[in-house]
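Some structures to go through are shown next.
Look for subunit A in each of the two complexes below; its partner is subunit B in the first and subunit C in the second.
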Partner chain A sequence: MRAARTAYPLKWRIMDTLEGVAAAIWPARFRRATPYLMLLPAVLLVGLLVLGLIQIADASLRTLDTTTFQFSDNYSIANFRRALTEPLFLVVAQRSLIAALIVTTVTLVFAFPYAYLMVRTRSPGLRKFLLIALFLPFFIGQVVRAYGWLIILGNQGMVNEALGLVGVAPMRLIYNYPAVLFGLVQYMLPFAVLMLAPALTAIPEELEAAAGSLGASWVRTFIHVVLPLARPGFIGAGVVVLTLSLTDFAVPAILGGGSQDFIANAIYDQFFRTSDQGLGATLALMLVALGSILVGLVFALFGAGTLAMGRSRA
Partner chain B sequence: MQEPFRAVASREAEGGREIAVTVRNVGMDFDGVHAVKNASFDLPKGRFLTILGPSGSGKTTLLRMIAGFQTPSSGEIFINGEAVSAVPPHKRSIGMVFQRLALFPHMTAAENVAFPLKMRRRDARTIPDRVERYLALVRLGGYGGRRIHELSGGQQQRVAIARALVFEPDLLLLDEPLAALDRKLREEMQLEFRRIQRELGVTTINVTHDQREALVVSDDIVVMDQGEIQQKARPIHTYRQPRNAFVANFIGVTNFIAGTVRAVSEMGDVSIFRGDLMLAGKLGDPANPPAEGDKASGAIRAEQIRLAGDAAQLLTLDCVLAGTVTDTIFEGERMVYEVACAAIGDEVIRVFDHDPAAHTQFDIGESVFLGWNARDMLVFR
Partner chain C sequence: MKRFKPTLSHLSRRTFLQATAALGGASALGLRGAYAQEPEKPAEIIVRAWGGSWVDSLKAGVSDSFTKMTGIAVRHDLTEDNEIQPKVWAAVAQNRVPPIHINWDTTTNATKSALRGVTEDLSDLPNLANVTDLAKPAGLEGFPIVNTYGYVYVLAYRPAAFPDGPPKSWKDLLDPKFKGRLAFYNDGIGFHFPAQVAGGGKLEDIPGNMQPAWDFITKMKAQQPLLGEDPDFTTWFQNGEIDAACTISTNAREARKNGVKIEWVVPEEGAKFDTDGLWIPKGLPENELYWAKQYINHALTKEAQQVWLDGLGLPGVVPGLTPPKDLVGDPSYPTTEADFQRLIRISSKIQVENESEWFSKFKAIMQG
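Take a look at the complex of A and B:
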């Protein structure tokens, strides 16, 4: 018996011991509950989030007395009325929403060829280069990157200096809406490529060859085969980019220079400048609602994309 | 190499048919790997050609060059007499069934079959009719509305065939589409391929590593090994008159007995010595005979050998060897005996016994005699 034991590799014996310990703590008859046990951490986290939301909902219903800086004890919907009627907030909401839509569209258009080339190239060197170029921005935080754009695009920045060399007068390239959009697209591109790449990998290359042999030019192959099959990737990437840009804070703050506030910046102002936590909470709730409605709309219109479980739907 | 291609391409082939495909001195290199070397053959219209060879022999590469997915490193391919190296796949009139079928998963069976018609801008009003007709041809009438994943493996095969044929291509290419099926279904589909090909008369090139499939479905077989064409012949000739040892070994079960050439006659008779044993046979490749004293081997098929417990029963045969049964393998329709023969250094000879009454005739360890006719032994260099 002892001889047989030593014949097992050490790894197996460690695994056996671990399994023995696991069986002692969590006997086999509890096994049906195991999946629920594994859900527990996620449920706890989501639960905390819900608690926070309840707190925010509570705050959103109390108004700030500007003379005493005290919050009212009784509930009212005054904050919501202000948020929906004051032009400033409507402008900010509209600006964020339009930016999110533009950024999503532009990012998907740019991300697709990148992801396609990365997945389909026969050269391992090129694939590696594209991958590294994709991950590099992740190592540089969003704030540093936005600040980098300030340096490059600023009045004394590289771009304006280069323009000066060819006799073009310095232009204002930052602190405006296009600069924010540009910064957001640049920030979102890696996310979109990362979400598109697996969807493209899942499309067998043979399908494209088949479409060719059946008479489809590459444009028609792209429209009739690649695009429909990559849809889960487009939906996933689209939802991520849409929600991330809608709720972004750093890029509008830095590249917009205070003139291009998004909803998140307005919330920040309420919490930390005017200290009106009630109104800040209201704006935060409305942002959550807006995001949820948008995502729900995307899922309703295009299906749940990569989130669709089980069999592929068309 | 620069022979007048037109003359070759328009030459009337056996049976007076036009040539559909000409492969002329075609080679393909993948940075240093010669996947296909100097391949040449003609395929007359309406015939079913199978490219047979082991995995990695360059079959797919050759097929992909004909389809236009790859450009030959050397040589030229002609379809209906036209050089096609500058023609992209979607401009060639070729239907292809891929190894993994490559059906479009986001479309129904009917949409898959309609795809080539739409891409070729055929009259939209005629498409549904035609799709239904081709689904019926592959015995899938009424299945058009099914999604691909709702069909069985065999049904998916049929959709792929219908899709490749529906636009009436000049040429049908099949890249081992049956390799993944279980044996029963595979054999059924082989006959199905043959039926459909005969019904439509479409020129077909099939690629396989399955010798049985090649023998069953083809008009002609091209045997490939290591990128080189070994032989092109009718199935029965490929089997009965293999041109070299590779073909003899790859198709069927063949025993090889190595020896030294003693004499070669004008008639193609040849004798080889193995020690004191003299073996008489025919030249495998009369155009390229070995000289006296060369090393050569005699090839004899397992089914062409008689087995008997008594040498007297084999008196009519030209060559008789004594041996001991080392193994018996029951394969259902036949019994395989492995016999070690002392005269050839106890090398094992495999013998088929198709006589059901004789099945349990010999046991392991039993002494037996085996014999064959000189005309059945082919001698290769």
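Take a look at the complex of A and C:
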């Protein structure tokens, strides 16, 4: 009895059974299609998004009848005409776009030294500290962080209290455009560092040492060696920060004091405040289009960076 | 509606039903027998509500006593009124059971739902026989909504910021010293109509010609006001961020309860008066619809209104309510014809049909 178990243990039996079941479900002749099977979750996910976009596109072509609060049966481009001609939407779109560009630039400038230090430091303690400081904000949601800034920067907040100690009268530090930009940069910084770090890790330290041994100063090495090789990281981080900033809702809503709306806030207003889901859908589609064009431009000009998974543009 | 004979084990419920029916007068008495035949009770009913002191007052005045009388728990869903609306509309359109039993809503928002046809008719509530005209939604057939109280968008201010006495006009807010120290609702609600008067226009011209309102709001934009929602006003007053605001008196009163020195006035141009109400979305199972109606019926009793609206500091729709001590003679608690003459009331129909355009116009000015 014992010998038989050793010869064909239970684990083997289970594995054989499972293999039999797998073969019945996915026969060996389908093996060439297995890689495509792996794509199925992604296809399903993208398919759902596309279905949603089709519904949004359908809604965008219907206008709201305010006597019945029903949407028109007929299609029209009235919502698109409104979105492109009403000053409110142009102002909000312009503000979002400029903010996204400013936030991306400033975030990359701040994120690079952080990522560089984190990757290159010889001190394991410092690296751990930088990693913890990087990941800690992820455990605190965006809304909580934005409210945190209200407490710190408010009229009776810590900063104004500190200023009061040296005789400076309380000043309005929040509820304006700079406050929104500040909040966004603070929110985006960890994302940018996370995208930059792998690109910097991939730069062999020996290259910097070689440049130094050939007489290049640290600055020249940095400009001519490190920065060009870090380009994929900049592109990946830039694309992520750009798109997240462009579509942000919470930071403008909380730190903007109601007067610094982004496109996402305008979309919310249409869906939930005026009940005009058609116009909201139109603005949503235009935001998707704007984001896609921007990302497409970046990819066309600079390649996909780290988002290309190591395959850089020729 | 399925009905059952009452049992002796439901003594407290019977007492409740008798009380509500008695308050309903003669017509209510006619329905008393019918209401005593109760369908199966749900474990709970869900009432959408605003948070903070709003839901606390509803709970103290209506929900707790309803639970005590019927044994049905009441869960308060604090989803924003604007956000629950599309969910309810979608549920009704797809023949699904709606996510809430009762929506506590602004009359304007509720009117949109009524026009869309997603509200149940509440005309058979016994206690409607004992309410004032304020309870009836203007311009709608029957009772798709029952208004439960009125409120005023007052000019609330910190007395310390007005050393020469209370502000008399909305124009007083244009003083440069208030730059960055004012607050309005982020869609301008409550301020459009007084701005029309303050800008030299006439209320009769609404909605045809509101240019005076937009001109006045443009002047106000130069003051760089903060724009927010109900809870923001209380917070901003408490944190010393603002000196004055156009807000519902309840928010100002809440800040005062929290120790902030704050007063409010109805300026000479007037202040917007509006109503909130309760309504039931279509698509509920019959027994749940029955008990949801009982909840609203209970909310129209004098006892429930007194406690609920004492908490909110607002005038109700049942005659004979006693104003809270701190609001006797207050312009935000209108009780007489003279009080109402100082207030601006525009029909829900006009508001509903034009609100989207007004919000956009206000936003365009303030975001520009």
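Heads up, the rule we're going with is that the second predicted complex is superposed on the first by the 281 of 314 C-alpha atoms of A that agree within 3 Å, B and C clash if a C-alpha of one lies under 4 Å from a C-alpha of the other, contacts with A are read in each partner's own complex, and residues count from 1 in each chain.
By our rule, contacts are C-beta pairs under 8 Å (C-beta built on N, C-alpha and C of every residue); 3 or more make two chains touch, one makes a residue touch a chain.
What you see is a predicted model; the values in this text were computed from it and never measured.
In the three-chain model built by superposing on subunit A, subunit B fits alongside subunit C with no clash. Once the two complexes are laid over each other on the shared chain, residue contacts for A:156 go to subunit C alone; subunit B is not touched. With both structures placed on the common chain, the touch criterion links A:220 to subunit B but leaves subunit C unconnected.
For subunit A, the partner with contacts to more residues, out of subunit B and subunit C, is C.
With both structures placed on the common chain, the touch criterion links A:85 to neither subunit B nor subunit C.
Vectors from the Cα centre of subunit A to those of subunit B and subunit C enclose 160° in the overlay, to the nearest 10.
In the superposed model, A:74 makes contact with neither subunit B nor subunit C.
Once both structures are fitted on chain A, no C-alpha atom of subunit B lies closer than 47 Å to one of subunit C. Interface residues of subunit A, counted against subunit C in their complex, comprise 64, 66-70, 86-88, 91-92, 95, 154-156, 170, 172, 175, 257-261, 269, 271-277.
Only residues 80, 82-83, 85-86, 112-113, 115-117, 180, 186-187, 224-228, 232, 239-241, 352-356, 359-360, 363-364, 366-368 of subunit C touch subunit A when the two sit together in their complex.
The touching residues of subunit B, when paired with subunit A in their complex, are 67-69, 88-90, 92, 94-96, 98-100, 102, 104-107, 115-116, 119-120, 147, 149, 163-164, 167, 173.
Interface residues of subunit A, counted against subunit B in their complex, comprise 204, 206-207, 209-217, 220, 224-225, 228-229, 311-312, 314.
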